[in-house]
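The following pair of complexes shares a single chain, subunit A, combined with subunit B in the former and subunit C in the latter.
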Partner chain A sequence: MDKTTVLSKKPLFLGLLFLLFILFAFLPLYGSVYSVILVTAIFMHIVLTVSWVIFSGPTGYISLASAAFFGVGIYTSAILGKTFPLPIVICFGALTSFCLALFVGALTLRLRGIYFSMFTFGLVLLIQQLLLWYEVNITHTRGRFVIVINNATIYYVMFAILAATILTAYFISRSKYGLALQSIGEDEEASAHTGINVTVLKTIIFAVSALFAGAAGAIMATRWTYIDPFIAFNPLFSFMPVLMAIFGGMGQFYGSIIGAVIFAYLQEMLITRFPYYYMLIFGIILVVVILYLPGGLVGLLQKWRKGDLAEKHANT
Partner chain B sequence: MRILEGEGVTKYFGGLAAISNVGFHVDQGEIVGLIGPNGAGKTTLFNLISAALVLNSGVIKFKGEKISGLKPHQVCRAGVARTFQSVKIFGNIPVLGNVLLGSLFGTSTGMSSADAAREAMESLEFVGLSTMRATPAKDLTLANQKRLEVARALATQPDLLLIDELIAGLNPTETAQAMELVTRIRDRGITILMIEHVMKAIMSICDRIIVLHHGEKIAEGTPQEITASKTVVEVYLGDQAYAGS
Partner chain C sequence: MIVEILDIVIAGLLLGGLYALIAMGLSLQYGVARVLNISHGEFIMLGALGAWFLFGFGVNPLVSLAICGPVTFIIGFLLYRTVFTRLRTSSASIGAYEGSSMLASFGLLFIIQSIALIAWGSGIKGYTYLAFPVNVGGALFAANRLVALAFAVFLGLVFYFFLVRTRLGKAIRAAAQDPATAGLMGVNINQVLALCFGLGAMMAGFAGLLISICYPVNTTMGLEYTIITIIVVVLGGLGSIPGSFIGGFILGLIGSIVTYLEPGLSLAAYYVLFMLLLLVRPTGILGK
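This part shows the complex of A and B:
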């Protein structure tokens, strides 16, 4: 009986996925401008969260470098946007972040726990301040203007990045490298003695996860028209992915996606309704979730479903 | 043939010489016991062989090739697998996944995933855990967790297996099963170097025994020679662990 439910669930799930895909693929044709912008923002949050989860989820290395990778994408786009076509700009944004992550990863992934988190966060501030210094002392400018692109194009590019991020995350988590990453999170020493090249694996996956944050930054830059080091390297983008992943529940792959969707939507709503208190309300919701839902929303869902099943069994 | 050799192996922790100028060897097909009182440096020697620690001086060779200076994963792929004194399993990963990691990543040549899965199942059957393959490793009893560690090590297809205190914390039945497992591993052609605290258990199955004390090798020989040795009797056999077992 168990088998039949599993079998019949899969086409249902795929069908739902397909429906969602169609719904979002044509959104700019039937949706309002506001809805296109809102969904773009939600997509961006999902990309940042899922790309963070690719590495930090299984390994438990809490990276706070997301804002650095995102910001590098933004600046790459601002600098190259005037000379190169959009696809190349996006690829460059992604690759620059990838290289930065490769370098930083090789340097810092021997650090554990809070030291790793601190260092990755330091990276955000370091790049921000270096850029600021460069602009003040060398170029004597402040910030940059970015070539503006229409909302539908931004939307489609972000949609493509989102699809690439989720597919990559899915295939990594299903592969032997996903299992290896999980073992690193459980006991890194034992992983190494089981034949896993932990240093190389960690560094490469860290860099792969940075690809998507960089790409997202490169396309988001075109929405903001003006950027400077404070906008591009906003520490909020380091904390958001972590919070959204915890909020959704890190135990499951889709948890972070659900977390990001709800979180991003909430954020947009709160910003427009309560522009002054939104951070406060946000903080309170978060504290409540962390205190009372250790498994995140997905954890709650699973608990509730388990309870439901137990009840059914009790009745029969 | 000497499968493992160490010359002048030395390791300091600060000022303390945990292993000082130790020379040793293990022959192909042997079961060698490594004994000594608590803090003698036994685990440290394992850590040096498996590259968990870097030695201060000396050289360690495996099948005639220098392995000191390699990384842990390289030593594993070269054919030296190990278990840990305090079990280090991947608690939230199912039993099969734990072992699969060994066959996927730890073998010298690498395997297709189908071969790796077969090898993992075979290792689980060998240690008697195949019925629990879907259980998260953390839910196993201590004895089974230790078996799982052995299975994971075996899945890397080692030629030499380092076993650190396999029977510490086990009851008499489990101890007997564990000792039987060790001989079965040897019968598969895998050489074994094992640390043990309980003398009685190790005496019956070892071909040769090396005794460490304060980081120095103080004796080496057959179990009979070791029990007859005066130095060993003085520093070790008078020890609590022996009296208690």
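This part shows the complex of A and C:
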């Protein structure tokens, strides 16, 4: 690749990004109600996936706590939604998730590998069971109704959360903290010896990544109108971000976004019509990707492009 | 009072026997084959629904043991040979393999569960077998639960002696300690690991069948049992087979006590125990 193409690529990319932004910013004005709802759901999955990747991508810690952070956001919104205006509710949802993640992170991040995954998954189920018990035995209700907000507002709020998530992820990955996280992923002990405060960094980034999941939960609750512990703390919200990120490829920043878009679209298309077949297809894709595409879609794309380049060089 | 305590203890042992059997299976899969098999519960479901399906044709559930066990064994064995052997050889490190094999087993969970849902639907299924009450020192229990406990303990012991006394069991233990060296000593490592995975699936199939004798079952029951199994395995020490056996009974007793005190909190108590255990003693009671 020569110099001119490198230089001319950046404005093109920014232009494309701007075009996409305009396209999505005015969607509720020209799109159908269904398309607004669909894009909101896709945005939600991107937020969950990217926020998962912020922490788990570089460090290699497979967190299964996404559903807990998301669910905490949902419940915060359900409890506070009737008394506070929307922006405050969303901030509260994000902050509650942040605090939970800070607490859990400080408690568990010395657990390595598979133990960390198990603990975070246990957390989701524990909160679910405790809430269920609380609702059945103390308040004698099952679930809650959430105040309804129009679709366009939900869409714009989710759009804003999405933008914040992607920008944060981008800046973290480009900063020295991103590098530090990556070195933790490569070799935790060595990076501790180079002067990185491993525990503090891991805890803070883990908590920051939970902010966005919590905010997304707080706004999605208003879309669902009725929630109970099984809806809010559905373990599927823990698995989905992991699978979407792996499917897209975690080596590149945009990989997880592509994975989330494709999977979320497939999900919205298939899940209402063929729920069982959707799960089947989902499982098969997951196994095939893990077996044959360890780099995900983006890895495949890169390999294919590299192969293409190598061929060109061989010919000349 | 005495009868109440007896009631709780026996109920705990009955539950614990099933947990122990399931956990031994996962312990084998994780301890030797290094797969934290999230789809373990799906094999339990296959065993349970297999027994229910065969019962519809008038097959005695205890006879179905001889059918469901081998079938789940073959499925597990083939899955290991096709999916996990490839993953193992292509992974850079044992840590990377543990992560990716866990995620692959998530995929298997979705595949097996949705096939079962397509085949059998999501309704609750049950049948009655040996449901008459038996008096144990004043406490009343259904005969089927005592039969299930007896079989669970019997199968667990048979399996333990298989590991300790036979040549193949020795190969498995060698592979658990150091796969590379075991391979150099002439153990066909791929075959042995696949065998372990298959045996683990078989234990799950047996346990599922015994569960279906006692409780109603459905196609989405798997994940809950998987989680309980993981808790038992961590409690006993990851990879320790006697630990899993003992851990199963301990968790069964705890479950029974909590259910007696506050029925809604038994699962929550499991998770609290699990998380405390991970924080305080992640190696479990019998771990190294």
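The definition used in the following text is that the second predicted complex is superposed on the first by the 311 of 316 C-alpha atoms of A that agree within 3 Å, B and C clash if a C-alpha of one lies under 4 Å from a C-alpha of the other, contacts with A are read in each partner's own complex, and residues count from 1 in each chain.
Criterion: a contact is a pair of C-beta atoms (placed from the backbone, for glycine too) under 8 Å apart; a residue touches a chain by one contact, two chains touch by 3 or more.
From a predicted model like this one, the values you see are computed outputs, not experimental measurements.
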item	value
Which of subunit B and subunit C A:G15 touches, first, second, both or neither	neither
Partner chain(s) touched by A:H193 [first = subunit B, second = subunit C, both, neither]	first
Partner chain in contact with A:Q182 - subunit B first, subunit C second, else both or neither	first
Touching partner for A:L125 - first (subunit B), second (subunit C), both, neither	second
Touch count on subunit A, higher of subunit B and subunit C	C
Touched partner set for A:P87, first subunit B, second subunit C, both or neither	neither
Touching residues on subunit B, where the partner in the complex is subunit A	50, 52, 71-73, 75-77, 81-82, 84, 88-93, 97-98, 100-102, 104-107, 113, 116, 152, 156
Subunit A - residues contacting subunit B, complex	176, 179-180, 182-183, 186-187, 189-199
Residues of subunit A touching subunit C in the complex	60, 62, 107-108, 111, 113-115, 117-119, 121-123, 125-126, 129-130, 132-133, 136-137, 235, 239, 242-243, 246, 276-280, 282-287, 290-291, 294
In the complex with subunit A, residue positions of subunit C that touch it	36, 83, 86-87, 90, 95, 98-100, 102-104, 106-111, 113-115, 117-118, 223, 227, 230-231, 234, 264-265, 267-268, 271-272, 274-275, 278-279, 282
